[in-house]
């Protein structure tokens, strides 16, 4: 049997580890694996490459994806879904593994439901905001990079007596901020799930000063929102009073804190450094287990399913369930973080 | 209430993160935390220090333990258990948190069962071989360090056309070898749970050469045993034929492979570099959660219990259960690793 | 003899390594070392601590400075220089080692010249822009951190087909940008010494696309200036045409490139993560050698001098020479970088 | 003109950075670069590949060498030198860049002197023991890896109250041991250039215990020799008294220290992990500069020369000078290290 594999959506450390595991497990099952290039676009265009044992060599530790990726959605293209179906038939693809996030897996689910395609999903989101799996690969790497940044800021914050803000990824879910803040020992963590009050942040800083800690480190997810204030965008803009507003929540927060506390404040914006490069050992193993599971599901003929980490086990869940609702930071986790505020 | 805390047994990245969480959560509960020095020895001798908010500063990312550690077992010392009881009474310690492995927790359990002491355990083993918890802190750090070593050996193995052996920790359980071998892309992984056949290892190497891979990387746990051969000790010795045997399984294996395959073989023995230094983000968070849970168990009056990771939740298990049986690498995990052999 | 030591100005990995070397070499010479807190402020206020062998323990690998730092300039304070002189006399300080940048060493030089104080300087600038020494400690660490960021962006730039901008430190000198750009394999490097033309940058990007490289990485020093355009400040502002301008050169450049090329562009602003945390091995050794040299100069009675790396040797130069003129990136270095543009 | 390039001898981080620079600078000069595979063997066999702009992509940060390497010496093969000459003529190679250590450069020099070949050398030795250049690429990476190991051992040595030995590379020259020992804060450093006395080492350990430092870290180069004792080999052996001796100086030293001091002692043997993997930023830049210089020397027609770091400049020296005598650790450097012993 020919098994196709594709990677869709944004970059995420561990994609190559999944592909490697798929190739290797496929060989054990005597499947022939082919890789479609640039996500769904490659399937539509019949752009693929055979994936042999040699292709699995040396890619485990590498960031990016040897297949390339795109955000192409066949359901948003004229006759896109039909092209997918034709490709699958023409190239005799017995089953298809789609590695991606919400969008990629949503397409996979629709192709399974509406076109009867034999699809298996592997979850990928740097933000860890998929409810159908405990963790996704790439997240531990992102947290590790952000934590190293927080570690480095500690010494410099201390010797400069400053407030240091680290803006990390997370538009809707605050997992990266929460975990890197916890692991880095941040004095305050701001996440999209908890609209915050700048005065409360300033009170935390002031409380620290009062006990001789003349520096503070704040980790803020890019999607965090101040309470009662219109959305802060990445772009600059002019506010209701004709004042210019700086792009990004980190910059905005910095200005507000300086204004209210008169403490020097500095911002680091880690940006895409969080989603590139070699995956951590944890992510390589999780990605490997997902790849193995995907092939096992194909062998067992369980289609329309997604590999999922549940506790310490890799299980399967329906793709429809996977894309149903995002996983946000809940109160229990945030209360844990608050133990270390101030 | 006064809460005592101690760290016993070997070094393990994350110990300070537990202590920090204990101090912080204690402040929230209005407990007064004191730290006993050098494990059970400090309790016996009444050697302790108050642990304040300031003591929790700057220790999260640091290896070692600010309390020091020892292997002292009060039940093996004349009147040791009695001295513990007297100390607890004299210094008015309302509850005691023991952070340690099998030995330390075994003492904790005995003190709880036989002396009625109000003890809570926090599991610590670099080897991840405790059955009552999914993972222990320190393990991810050890795996990360060993994986980095395997990563580095890949380029050098390839350009030298050599067999490279990495000897990692694990006397009875092969978890570090299994995980670092999986994450580093080892061509063969040897663990104590699976006595191995040198000829089988050589066959894997030969198979690789046959397909043009003129190098191989083998990760071997220090406690791995060749089938049908008397135990390899760290010391050298003279074998049945009057030949000298090199100390350690890594050295032994190297000699055997060179003898049988005539391929150049080199050994790296990571030793204690695996258990020192700053913990990974993963380990800092796990350790933090354990520390928080320990204080919560005290607050709830649930003594004789241990904090435990079960799936994605921190729960509690009876100390007696925790020290019952070691967790070894099972067949399912090893078969996963074998997908990538050769 | 009592030898005083102080650290002034901004944080820089390696400060503690200098202090450690000073203490150790002092013991060899039978000097008594004392550390003044918070730079020149501590000398003015007589705020110091004895530095013993134990104080030198465990600080080599740590960022920050155990003495604290400040930007206090005694010559800008009413009677400041006099207070320094009185302190030195009162506490019987036979010689003073000032570790710092332009400002701190400028004060040292003035105190030596005008007040006859027995001062020795140790150069410290993360930016490597001191002409009297080949390299300064902290610089290699900053370059290493920025290079890691560039490394990580490579995989993600490639899979997203994007232009990635990394804004690094360097207000007047582009050494960090030049070195991290060279080491990270940037496709274009922009530095303050070479006002740039956005169209030229866009041409480089376009040339890469033309040969199939659908991504580009640009390293830009924070002080880089577009030719013919008024200065870009960290603050946002309104330009001559009433348009809002985003704060910082990275953000500005990103907007311009997107506007002119229509390629998606993203910015990472590393900020103070570049100057915190543990120094690299290179910086620890350089800092150690500087500390040793400072003490040797005191022993030899060569005051008004600064430790300096010249080729592979640590020599001494007059403080007056050290603070004379900044070291900027010269044409030879920039032409080397240009070999790899596009 | 066609320019050939080859890499010979052992693996060394930075080889690919040299190759990349050679390709890039060659394009600027309109040279056509070809890469010979497996060192001199590839030249003899006419086994080469064209090196285009695309081949220079993505290799800067990678360990190993894309050309492969070997220890083949044409002067030790029947008609080897003649084959080299024929290849050069047949494939119209106008100049040849040989990247390698003593052996590879020795061959290059002989081919230049005896056969009139237009050869340029680039020095490569992880051990930094070449007298004709201040530093060689790969050395900073090796020192960085060994320093990280020493860092990690600090916390674990402290909490276990142990003597920790780290055996690092360096058969004849102790540079890696000296630099990693200095940067890691070792309490004693042993190098081949200074035969040592075990009793002196034990005195240092004892002195530390006396002042409350109940742990010690010793960095030992693999080629270090105890005074008055026959050579310690990697193999075990039987000594004069019929006792078995463990392989390697690290193991030997460990036994001796335990015997004489009764302190628990542990050994880590870093092995080839020191010479693999991604080069540091420092090594990437040095390697890049060497590659550029090699091409410039060809352009200038200065053959029989080698690129060399002298102070802060890349200059050229005669190949004959480069291979003349090894650079050993001198007294001045060792006395610097001794400041921190005990």
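Chains here go by letter, A, B, C and D, matching the order in which they are written, and residues are numbered from 1 within each.
Quick note on the criterion: contacts are C-beta pairs under 8 Å (C-beta built on N, C-alpha and C of every residue); 3 or more make two chains touch, one makes a residue touch a chain.
Quantities reported herein were computed from a predicted structural model and do not represent experimental measurements.
> Count how many hops through touching chains it takes, at the least, to reach chain D starting from chain A.
The least step count works out to 2.
> From chain B, count the fewest steps through touching chains until chain C is reached.
2
> Looking only at C-beta pairs in contact, point me to the busier pair out of A-C and A-B.
When the contacts at A-C and A-B are counted, A-C has more.
> Quick check for the class: compute each chain's Cα centroid; which one is farthest from the centroid of chain B?
C
> List the centre-to-centre spacing of chain A and chain C in whole Å, with centres computed as mean CA coordinates.
A distance of 34 Å separates the two centres.
> Just the number, please: Cα centre separation of chain A and chain B in whole Å.
About 30 Å, centre to centre.
> Mind pulling the chain B residues that touch 2 or more other chains?
If we look for residues of chain B contacting two or more partner chains, we find 151, 154.
> Under the stated touch criterion, can you name all the chain pairs that qualify?
Per the contact definition above, the touching pairs are A-B, A-C, B-D, C-D.
> Which residues of chain D touch chain B in their complex?
Residues 10-11, 13, 62-65, 68-69, 145, 148-149, 151-160, 164, 166, 235-238, 244-247, 251, 266-277.
> Can you list the chain D residues touching chain C in their complex?
Contacts found on chain D: 21, 24-25, 28, 53, 57-58, 60-61, 134-135, 140, 143-144, 147, 151, 154, 179-180, 182-185, 211, 213, 278, 280-282, 284-285, 288-289, 292, 310-312, 336, 339-340.
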